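Take a look at this one; I'll ask things after.
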Amino acid sequence: MTELLSVRGLSVDFVTDGGVAQVLDGINLDVGPGEVVGLVGESGCGKTTLARAILGILPTGAARIRGGEVRFKGVDLLREDPAAVNDRVRGRAITFIPQDPYTSFSPVFPVQTQIMDLMKWKSPRADNGGGARSPFRRYPRERWRADREAVLETLRAVQIPEPTRALRRLPHEFSGGQRQRLMIAMALLPQPDLIIADEPTTSLDVTIQAQILRLLRALVKQRGVSVLFTTHDLGTAHEICDRVVVMYAGQEMEAAPATAFFARAAHPYTRRLLASVPSPGGEIRDIPGEVPSLIAPPSGCRFHPRCDYATAECREGRPAPRTLAPEHGVRCYHPVDAPIGADG
Amino acid sequence: MSAVLAPVLATHPDDVFELHPAERLRAPGPAHWLGTDRMGADVYSRLLFGARITILIGVIAVGASLLVGVPIGLVAGYYHGWFSDLLMRVSDVFLAVPQVVLAIAIAQTLGPSLPNVILALSATYWPWFARVVYAETRTLQKEVFVESTAALGASPWRLTALHVLPNIASPIIVRASIGMGFTILTAAALGFLGLGPPPPTPEWGRTIAESREFLPDAWWYATAPGLAIFLTVMGFNLLGDGLRDVLDPRLRRSRTAR
Amino acid sequence: MRLLALALYRLVWFVPTLLGLLVVTFVISRVIPADPVALVAGETATPAQVEALRRELGYDRPLPVQFVDYVARLVRGDMGTSIFTRRPIAEDLAHRLPATIELTVVAMVVSVLVGIPLGVLSALWRNSLLDHALRVVTVSGLAIASFWLGIMLQLLFAMRLGWTPLNGRLQGFPPRTITGFYLLDAALTGDWPTFGMALLHLALPAATLAFPALATLVRFTRAGVLDVMQSNFVLYERAMGLPRSVIVWKYMLRSALTSTVTQIGLLFGILLAGAVVTEAVFDWPGIGTYAVNSILRSDYNAVMGFTVWAGTIFIVVNLLVDVAHTLVDPRERTL
Amino acid sequence: MSVTAAPLLEIVDLVRHFPVRNAFGRRTGWIRAVDGVSLAVWPGETLGLVGESGCGKSTLGKTVMGIYTPTAGDIRFAGREIGHLPARERRAVAGDLQYVYQDPGASLDPRWKVVHSLHEPLKIHARLSRAEREREVGAILSAVGLPDAHLDLYPHELSGGQQRRVALARILTLRPRMVILDEPTSGLDVSVQASVLKLFRNLQEAFALTYVFISHDLAVVRAMCARIAVMYLGTIVELGETAAIFEQPRHPYTRSLLAAVPRIGGRRVTLDFALEGEPPNPRDVPSGCRFRTRCPLAQDVCAVEEPRLREVDGRRVACHFA
């Protein structure tokens, strides 16, 4: 399968007051065309950093890319001319849905200003040749009209009532759910190949979350857009993803198609994680120990201090990727071959 | 520091109140590091004694403002009601007039003297403390630890004295330090306008006013006290900024740790 | 409509604040002094003259009655008569007001036009040479005594270099009075040599006055921009690949300005206060010089009149700033 | 749960409204955050209070706790009316009735060492000697699983989980009978959530606690609570045994709410999710039934008559068509 996005061996360090934190440690990740991939992990596992590294918007002062590549349609974005990436990839071929729809709009401009500013540079009808970056660039009348039509149509698609009036309003006049619909519309408008959605439903209520997930999945499937969807909530991942990748402490542990993932996950961490979801029967199982510091992370597999199956080799080196079934890969010396819930 | 040690550091301590007509307006040299003034007094020595007055004005005025402003801010911040509104409105009225203007009016009414300058400055600076304390108290009230301690059954007194006050101490200290600088500037302006302590007190603002008629020749006469004001005020401002940085990080870290 | 309601609301607060100011000045002028009449009469008055004046001024009546009378006079624009010029104080002040406004507005415009862009650049290029240089400017701007700065500028540019006049507003005849602002009048009448002269006279006092205001603006704009840089919408716009210049000069600046606009109100206070001493240094014929001269002549009524005027102007400006703030920040309108 | 025992907490027609003021400070309306809620909590049980943001569940908790005063209605705790007590007497009740915030660590004064924070409640409510206090604090500290060495630390020197334990210990030193837990797991990762829930359970057993468990997370509530009350726009729409309600919800809102919860390892629930729109503003509560604007079953009667909670199928439901 030819991948749309292919991350190989990506390592990112953050310089902090306490020392250098190894936030990403040799990450591999693939997203195929038209595929919705869930990037699941607990807070601090590096999923947001990975999303930002792919977008190329890591904080310039603190973050350092130690190695690896981010291939998008065969081109390594880390080594491409940054200006070209900004013109042709970011906001065009790869768009973004942020976590917090409340603060991701500028509070002082009407929604129309913000959407049309995006369209001025990122509309599929925009010609991003020379001078594309100039702030004084003209917005041709013809294109403006066509773009605005597209905006209204997309707002209808994300079920914003009365789109023409909605455009004139300020962001704070919308509810959280509606703002996230606007964000989805803005992510779709440039007709991208890939959308990176960073915990887009975390701040929403469960019924609104259900509406948004249903809408997002329907729209991207209908348009054949790929999505990389980060979340800490396994239930959300289950609702939206075709394939799930699990991260722990800056390392990817397991990647599997959604059905296989929720039925026969093989990595001990994944299995523990799935088991800690409260069961209807009231049984609660936690993972003993705490998430390690990334400034002095455990050697080898970073889960080994909390793992029931850990052996000496887990401490010595990080396990190489191994394929258990088609598209089901795991990085563990001791993968568990049993249905979920079968182990003690 | 140098203000306290003025009598020791001064090269010509007697000059402060004595006249030496023969040595009028000498340029800086080995005998008089910063030259002499119209009375033939050593500018450097008068500066040091001026520092004592300046610091004295600052400390007493800021101290008095603290004593008035902090309790008012605490009461207005802790209780919600018409009385709080009234207190803050009163302080708003004081803030609504530029400090120099109000201080001029007060100092003019009372007549130029050292205690009156201090009174004028205190009367115009206390609202700043009331404002800061009020705002900080209101912010703190929304903090979970204050609300939860109240829910634990703590009395308002306990809450204010043991939880609120210690937690707003650092902004008060920072404000006080910056207030020293501000007060010294205003005091100098009053002195310059002739509303400060009367001569022969070696007050810096008045010294600059006196020196003007001897410009441009006796440039040192005007330059030295201005630089002294500048360095003193900057010292307090930097101290305030520094204190902000020193007092804050621990708190900030504890709040972002979660 | 909502905006109008808000402006009205601010006006509702304007009246008590103004009344509060009058109470303060009343207390200062009538209650604090042991014998306010003696102050008004001056040092040379005989006891009999003082008593006569006391009855004439109505100072023998109860304080609340006096206060009502005081406010009523002020509302009619009656601030009493200056002992020195023998003219109504309100007239004196009105006559000198244009000079002060000209000076303050020029200083304000200079500090805004220079201060805000410098603040933005200082934040964008944090820890650059420019940023460090500007930090020196801001720290000294808040620490320097403006009268001393004025004297030093005179010493250097007027006395040593002779580039600018030493003081005053204009030598020779002022342009034909249309607005009372020399720059504007000269430009309107096409009298360009006078315009140049007026500008030259204005340069040093305006620079003196603008310096602390500029320092404050740089400081606040820098902090505001640094704050906005952390915000989620800037992250979003970066993630969507908008040109950096659009993010900075449209989105970030606009957000940072909402707090800076509030600062301009405070700034005006700094300028007005600074104007008193700056005018004194440069013999600028505005209300500041008038106030200082009145202090020196113990012209008591005139000083109080000046205080009321300055306070009122300041309150009015803050009212306008409040309204402007609601214009700049749409979130305020729902308040 | 014994039916014969008296309820520990009984709320009758509790109302808490917040005034909405315009720019002139004039009241233009009310936010009807809690609008006529009645329920009872029996000793030793855990009652779940669920609903989406803005449904009034936190306001309800804080009103019971005395952080807000009730606009109307009664709160009876251990047989005593506590909703309208003078401040001093109300503060004394805090010894028996306690409140845990969403982020308990934030309830510690950042400038106080752990030891002082733990002694404080005992200083307020109990007359104990220093030695007695130390014994008490030591016992509680080990119950929440913290070493004595932590006593001399400041909150920012502890991890988030440790802060949470200290905050719980602080509340438990008073040996309260009832604890209101306000969104105690919101924002936590599942594995951390699991340890926190375990801790709550152990403490309930060790200290014979009664919990009111406020949460928007239905999976957590299902695991923790024997009974639940579902809130919508300031009122209770369904109240009864958790198992029964999850098995067969009778109120249409409860049905939608349960349908929205992802269930791992099955059909995607969002494929069938049908509820449209968002909850109305609590300033403009619809006439009659509050849910009618989004309800698939709504009829004319719903706009006219507000349904009362009535006994249906072993639970109480506020719907004309339940």
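In this document, chain identifiers A, B, C and D correspond to the written order of the chains, with residue numbering beginning at 1 in each.
Note that in this section a contact is a pair of C-beta atoms (placed from the backbone, for glycine too) under 8 Å apart; a residue touches a chain by one contact, two chains touch by 3 or more.
Everything numeric here is computed off the predicted structure, so don't read it as measured data.
Peer 1: Both subunit C and subunit D are touched by which chains?
Peer 2: Common neighbours, subunit C/subunit D: A, B.
Peer 1: In terms of CA centroid distance, which chain is the most far removed from subunit D?
Peer 2: C
Peer 1: If you average the CA atoms of subunit B and of subunit D, how many Å lie between those two points?
Peer 2: 50
Peer 1: Quick check: how many Å separate the C-alpha centres of subunit A and subunit D?
Peer 2: That gives a centre separation of 33 Å.
Peer 1: Can you list the residues of subunit D that touch 2 or more other chains?
Peer 2: 159
Peer 1: Residue numbers in subunit C touching 2 or more other chains?
Peer 2: none
Peer 1: Counting only residues that touch at least 2 other chains, which ones in subunit A make the list?
Peer 2: None at all.
Peer 1: Help me check something: in the complex, which residues belonging to subunit D touch subunit A?
Peer 2: 52-53, 159, 161, 189-195, 197-198, 201, 216-220, 222-224, 246, 256-257, 259-265, 268-271, 273, 275-276, 278
Peer 1: Inside the complex, what are the residues of subunit B that reach subunit C?
Peer 2: Within the complex, subunit B touches subunit C at residues 89-90, 92-94, 96-102, 104-106, 108-110, 181, 185, 188-189, 192-195, 205, 208, 212, 215-216, 219, 222-223, 225-226, 229-230, 233-234, 237-238.
Peer 1: Provide the residue numbers of subunit B that touch subunit D in the complex, in ascending order.
Peer 2: Where subunit B meets subunit D, its residues are 143-145, 147-155, 158, 163, 166-167, 250-251, 253-255, 257-258.
Peer 1: Please output the residues of subunit C touching subunit A within their complex, sorted ascending.
Peer 2: Its residues touching subunit A are 231-233, 235-236, 238-246, 249-251, 254-255, 258, 328-331, 334.
Peer 1: Report the residues of subunit A in contact with subunit C in the complex, numbered from low to high.
Peer 2: Where subunit A meets subunit C, its residues are 52, 55, 57, 85-87, 89-92, 95-96, 98, 100, 103-109, 117-118, 121-122, 133-135, 170, 172, 186, 196.
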